[in-house]
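Just dropping this structure here.
Think of it as A, B, C and D in the order they're written, each chain with its own count starting at 1.
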Amino acid sequence: MSAVPFSAQIINLFASVILLLAFAMLGQRRVMPLINLFAYQGLVLAMSTAVVAFTTHQHHLYWSAGLTLLLKALLLPWILHRLVRRLNVKWDVESLIAIPTTMLVGVGLVIVAFNVALPISQLSNTITRGTLGIALATVMLAFLMMITRTKAIPQVVGFLAMENGLFLAATSATYGMPMVVELGIALDVLVGAIILGVFFFQIREQFDSLDIRNMEKLKDS
Amino acid sequence: MDFFILMLGFPLVSGLLLTVFGERAWAPNLNIVASLGTFLASALLTVEIVAYGPRFAFGEMFFIDSLNVFFVSLTAFVGLTTSIFSSPYMKNEQEHGRLSIPRLRLYKSMFQLFMFTMLSALTTNNLGVLWVAMEAATLTTVLLVSLYRTPASLEAAWKYFILCGVGIAQALFGTILLYFAAERVLGETGNALLWTHLVEVKGQLEPTIMALSFIFLLVGYGTKVGLAPLHNWLPDAHAEGPTPVSAVLSGLLLNVALYAILRCKVLADGAIPGGFAGNLMMGFGLFTLVTAAFFLSRQKDIKRMFAYSSIEHMGIVTFAFGMGGAVANFAGLLHMTMHSLTKSAIFFAVGHATQKTGTQLMEDIRGLIKINPVIGWGLMLGTLAILGMPPFGVFASEFMILTHAMKYHPWATPILLTALGVAFAAIFGKVQPMVFGETHAKPLPHAPAITPVFVHLSIVLMIGLYIPPYLTRWFHEAARMLG
Amino acid sequence: MSDLLSIDALLIAACAWFAIGLAGLLAPRETHFVSKFLFPAGALVGLLAGVVALNFLGQAPQVAVLAIGLPDLPFHLRLDNLTAIFAMLIGFVSVGISIFGAGYFREGEGTAPGLLCLEYHLFLASMLMVLLADDAYAFMVAWESMALSSFFLVTTNHQHAEIRRAGFLYLLIAHVGAIAILLSFGVMTGGAGDYRFDGMRAQQLSPFWSSAAYLLALFGFGAKAGLLPVHVWLPEAHPAAPSPVSAMMSGVMLKTAIYGLLRVSFDLLHTPLWWWGVVALAVGLATALFGVLYSTVQSDMKRLLAYSSIENIGLIAVAIGLALIFHAYRMEALAALAMTAVLYHCLAHAGFKSLLFLATGSVLHATKERSLGKLGGLIHRMPWVAWLALTGVIAGAGLPPLSGFVSEWLLLQGFLFSPGLPHPWLNMVVPVGAALVVLVAALAGFAMVKFFGIIFLGQMREENLKEAHDAGWWERAGLAWLALLTVLLGVLPTTVILRIDAATRQLLGTGLTDRMREHGWWMLAPISPERASYQPLVFLAVIAASVLLGRWLVRHLYHGRVRRTQAWDCGYYFQGPRAQDTAEGFSQPIRRIFEPMFRMERHFPTARDEQPYYSVKVEDHFWHWLYLPVAKLAERMSGLIIRLQGGRIAIYLLYSFLTLIVLLLVARP
Amino acid sequence: MNIIGLLAQLFAIALALFLAPLLTGWVNQCRAWLQSRTAPPLLQPYYMLHKLFNKDVVLAHGASSLFRFAPFIVFGCMVLACAIVPTLSTDLPFAPAADTIALVGVFGLARIFIALAAMDVGTSFGSLGGRREMLIGFLAEPALLMVIFTTALISQSTSVATIVETLAQREFAIYPSLAFAGVAFTFVSFAENARVPVDNPATHLELTMIHEAMILEYSGRHLALLEWAASLKLYAYSCLGLALFFPWGIPNGDSFPALLAAIPLLVFKLAIGGSLLAIIETVNAKMRIFRAPEYLGTAFLLAVLGLLVRLLLETRV
């Protein structure tokens, strides 16, 4: 692998860490550590973006990195922390069953993601091309996490983690989207998180818990 | 005077104004006036575009051609009639104690902002901004769906938010891949997400990437369109939100999401040989249609039932665009128009009906024609129209879709027709006893706004019998853009 | 009138009907205005339309293109002889029904009169447009408008749950039929995408596709006409509708379906295969037998007539089948014979069945009663209605010298030639079909005797019948008009056939007239007088002469004294109205002989019953064999599919996830 | 249609009116002899008619105008039937007025009216008779039509006159199909004319009666007409049977000498037929009404067999 430049190796390392964090989130039962993991993921993502920016001299990527750091590593975790405290669900524990199975499925997903991303990576001439598969895998793991969670906040964390994966994809595949789009996405994520915060209170008010298994009344069968 | 700026400005400014002043007595009127302004601006914009051809706005940020100006005018029109309808409707809701004044303020401002997001989604030239606007549309409507703050409406809103959020995230992944593919051709100029540039180089885009990208985009935006099996949020959100919201969700939001898919399909078609995108869409369309048809027969809630009907029609439209070609695209556009008009008219009628009877359960709604013949007939005719009975316009478009399918995809026609038949049996069997029969319901404090229902239905009826040449030319132009 | 084309005149008639309907909407509650002004105006329009169509017969087709419709497919219209026959039918029959309607519709019965007027005239106009349509889109629009307007007419009294159910069933089957018709049109374009009828005529389809088109059309139009097994709506919808509407549906609307079938199988698909005819023949025979058997066992007078309509449609289908068989073997002269039977029976049935349905309307208004078991003896109170209805009854029983007999006679003549077919199976089996036709005709006599005898004859079964009053003058005029049509069609067959031969000639290339002109207008001899002939006028003359002469001679030679006393009845003393046959009792022999054909629920009284009673309920096998299983299947399907919406968001996410994964793995450009 | 022809036709009708009661009288006489009873005089039916015409009509209170009108119609129908069936000649002016199918129609018309009249007074027996009459009618007509088909296939015509001419004046050939058809026709005529084994013309007051139940309420001239019509129907059926199966001796023309010459042969054939009828009636027992479907089903079967035999054996030229 000597052909791979050093910066690319670092980026790959970061990407791998992100993937690892995604797995860690998948298996995390408690809320607060989950949020922390999410914050770490955001941090690594920001760092990775910064490295890409440094390597490729894409200046707008610094902005992206900064934005990511601010939003995903600081602001959103902070909001989530506050929410957890305000809602008093700090000790909520997910009754996750069969974590090993979930992990196995996750590994399967990673394989799928890598294979799907393979033809694209081969076409790519960016130094970060290997990470596209990881980005896709992160998205899918986040997806899997949303499926397996039964509490509202972890589900939202999964949702936000998916955004992380997307962001990783954006930087790895294309050195970032146009700035206006990135700003828009960031705004949407922020507003979405705020709305979700409002939502949590409403849900708590109506259902006395944030367990989304209470919300299975609307059905046809 | 730039009509485009007016068109986007009216909803944005009024939305912000209503956030502040939404509790004033004149707020409902502002809502209507703003919608009227939007509609007039869009109408004038349409005239301009049809007369002088496509144009840009704000540099290359926005791009208006016959295709999206068609959606714009439709959106603005339904937005106008919905705002007219919602004025007495919301007052009645308030009298019934279901909504407080701050909630009404939220409703009005969010309604206008929702219009803004949709209009920007339609007119933007940047596929990334399109995504942002779509996500923003979700965000604005999520609060509208949970407006009643009942457990059911919260549940619906939660599902709406999560499912659509996840869906749209996938669309973002698709957009990234698209950008990636485009960048290889257009370079890192920032133009790589501009549709006008993309469409020029669509033949050079890498097919493998475009295929992956289109899958993500289809699944992503398809969630918002309500394609089965990604549709699960749709009936809940329609049934539990206030009726004007159901009307715009069904009549407009689904269209806009489909529009996004269409724009991407044009690119995918250009890049991938062999009708890959079309086949996927046809498959989704048929599956959606059949699934929705069978869902219909077990419904108990009237709004839920018509939500499934929307899914069904989105299936038809998706199928039509999947077939591609001038006739099918024309028919698809026509069907979208007819569906928007008819379905929102139905929701208007349903809204009044449920207000009158105080329930959304179809078993408990009886004898609408006795309570208020106009509402009763509105619902009856609207239902017949949506079921594709001639001489209504839905039949015209279904006729074109079916005949086109018979010509190029004969295997699909029995499936289409079976599903339509099942849907007919299910919906009509339930609507008829609601409209007919005896009842003991009381009159409402505020007289309902009936005009929108009949304005919509008259247009639908007219189109069924006579499509003005002006409209035909315009539709043809739009259909041609879709390839 | 000379420079006004007939097609324009008919179009104007349709518009006039439409305008009359709209005028009704302007004054929805003005009963007097609507019934005494608008309905007679509608009748006048009908008369004009009928005359125009009659005058047109024999001319070259006329076409027109309207500026409405789809962008690539504006409404194409065409008036040819086939259209003209049926337009004539609509025009003339609607005259009677509209006049009757002027006296019939009144306030306080379901839908407001003005709205009813709109629906009624829309119904008429759309039927006319069905006939004129010359492209698939115009046809479907008119066809479904017809279904819709009649649906609203059927559900006039929608307060009753069973009427709503009937309406739903009607519209559902109509819609399914329309789907089949649309498919049939699609097949007939042969992939060329030309939905004008001209385009379809120009197609040379392979036998497989043309057969598919034919079968679809048979199903689609059969659903409207009431052929087995898609007949179930008919006995529900006809009784549910107000009587003039039942008359219109049964007398006229069913014929538009026949028109469609003829149009498709003889005109658009120009080369029929022999087995098409066998299918139509078999379905027709089954329908006719089924219809007449069920007709005999009904206890509701309108249901009885509705089933009788099924029977008549079956007979028409039999004749169509025969015509197709002959046509397929290029025996055009014989095909023309059968085709004449088709057209004649359409006309005849339109006349007498409308007449009978209108008569039930008068009875219903006079007595508020539809059940045969509660009627009786009305000839004393309603002599006009009774005697006019008797005309319809005799025609309905297919007896000379009235209209029903002529077509049956022609049909049987057609059967008589079937042994000449160059196909060993056909020429042995088809003649036996003739026996079934006769059985059906004789059973129709049974049903008609039951209908007339139990309603109008005997003692009054209920006290309130004594207050029954005869129909008003408007109603009498309407009935009399239709009775006149029935008589004219009965006694002047040659004159009529010379007219309608233009349509036969158009469809088959040859007609009956060449040979018939030689024998004079009083003699009906389609092939030759040696072969077979029928002179209804002589019939009428001899019977009338014998009656008058007999009466005169008896009076002259003996006396005309009459004494009145109690009925003798073999000295049986208890002669209350309950001693008469009930509707159920009258048809007991049929139920017994044809027991397997019915699905019966019977309750017999036993010796120990506190309150002994007898009841019998006859149901349709097809409900249980076909419709309920299909409904159950659909229910089960939807039960399976509905599990998709289980309420759990994790599952929903899983769907989305799996969809994505599957597509990523499977979908390849 | 010339005046001579018309006169010949009227003559044939008059002869039918005259001979019909005589035939009934003859059959009754034969039956009485066969049953070892003292026979009524041959002219008894005439005495009956005369007596009935003289009597007052006693109408039930519930009888309507249809009740009074029906006997005349029935009578008129039978007169028409007798005018159509070739008795003395095949070339009479009314012959083309109706073929065999229309002839069945004429009988059907009469049947409807008599059944309706039976229901008119509203007695239990009346409606019973009407319903049974219609039952027999719908069972008999298909069989009759099959018979007609068989004969029509041979002569390529349904016109009675043509059939007679074909069968009588062509060179002699054996038609096995005609044998089947003839037996079937006999079955049908027994049922149609209310004879044993389907009905018993000689009884009242039996729950199995059909024809008599229908005319129970009639009296006076109405009854006379109905009785006469019944005789005419028997006469018409007999003549039809003779014409279809024993056509020899019916001249083809309307000259009076030929007509007059045909009378003796006709009387002879009718006398033979009448006595055969009496014999069959005597050796058979009346059967239950619900055996009638079997009986007429047999007739139908025979007629269909005749048809098939015709198609199978006799068309191979």
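Convention: a contact is a pair of C-beta atoms (placed from the backbone, for glycine too) under 8 Å apart; a residue touches a chain by one contact, two chains touch by 3 or more.
Every value quoted in this text rests on a predicted model; they were computed, and no experiment measured them.
**Student:** Along the shortest chain of touching chains, how many steps lie between subunit A and subunit D?
**Tutor:** 2
**Student:** If you average all the Cα positions, which chain's own average lands nearest?
**Tutor:** C
**Student:** Suppose chain centres are the mean of their C-alpha atoms. Which chain sits farthest from subunit C?
**Tutor:** A
**Student:** Quick check: how many Å separate the C-alpha centres of subunit B and subunit D?
**Tutor:** 78
**Student:** I'd like to verify one number: the distance from the centre of subunit B to the centre of subunit C, where each centre is the average of its C-alpha atoms, in whole angstrom.
**Tutor:** Here the centre of subunit C sits 44 Å away from the centre of subunit B.
**Student:** Centre to centre, by mean C-alpha position, how many angstrom separate subunit A and subunit B?
**Tutor:** Computed value for the inter-centroid distance: 31 Å.
**Student:** Just give me the whole-number Å value for how far the CA centre of subunit C lies from that of subunit D.
**Tutor:** 35
**Student:** Where does subunit A touch two or more other chains at once, residue-wise?
**Tutor:** 116, 143, 146, 155, 212, 215-218, 220, in rising order.
**Student:** Can you pull out the residues of subunit C that are in contact with at least two other chains?
**Tutor:** Touching at least two other chains: 642, 644-645, 649, 653, 664.
**Student:** Residues touching two or more other chains, restricted to subunit D: which are they?
**Tutor:** As it turns out, subunit D has no residue touching two or more other chains.
**Student:** Which subunit B residues qualify as touching subunit A in the complex?
**Tutor:** 126, 128-129, 131-132, 135-136, 139, 142-143, 146, 149-152, 154-159, 161-162, 165-166, 169-170, 172-173, 175-177, 179-180, 183-184, 188, 190, 192-193, 206, 208-209, 212, 235-236, 239-240, 295, 298-299, 304
**Student:** Hey, which residues of subunit C end up touching subunit A in the complex?
**Tutor:** Residue list for subunit C touching subunit A: 642-650, 653-654, 657, 661, 664-665.
**Student:** With touch defined as at the start, can you tell me which subunit A residues reach subunit B in the complex?
**Tutor:** 116, 119-120, 123-124, 136, 139, 143, 146, 152, 155, 159, 162-163, 166, 169-170, 173-175, 177-178, 180-181, 184-185, 187-188, 191-192, 195-196, 199, 202-203, 205-207, 212, 215-218, 220
**Student:** Quick check: in the complex, which residue numbers of subunit D touch subunit C?
**Tutor:** Interface residues on subunit D, with respect to subunit C: 53-54, 56-66, 72-73, 75-77, 79-80, 83, 94, 96-99, 101-102, 104-106, 108-109, 111-112, 115-116, 119-128, 130-132, 134-135, 137-146, 149, 152-153, 156-159, 162, 204-205, 216-217, 220-221, 225, 289-290, 293, 300, 304, 307-308, 311-312, 315.
**Student:** Provide the residue numbers of subunit C that touch subunit D in the complex, in ascending order.
**Tutor:** Listed in rising order, the residues are 376-377, 379-380, 383, 386, 390, 393-394, 397-400, 405, 409, 412-413, 415-416, 419, 427-428, 431-432, 434-436, 438-439, 441-443, 445-446, 448-450, 452-454, 457-459, 523, 525, 529-535, 538-539, 542-547, 550-551, 554, 557-559, 561-570, 572, 575, 577, 579-581, 585-590, 592-593.
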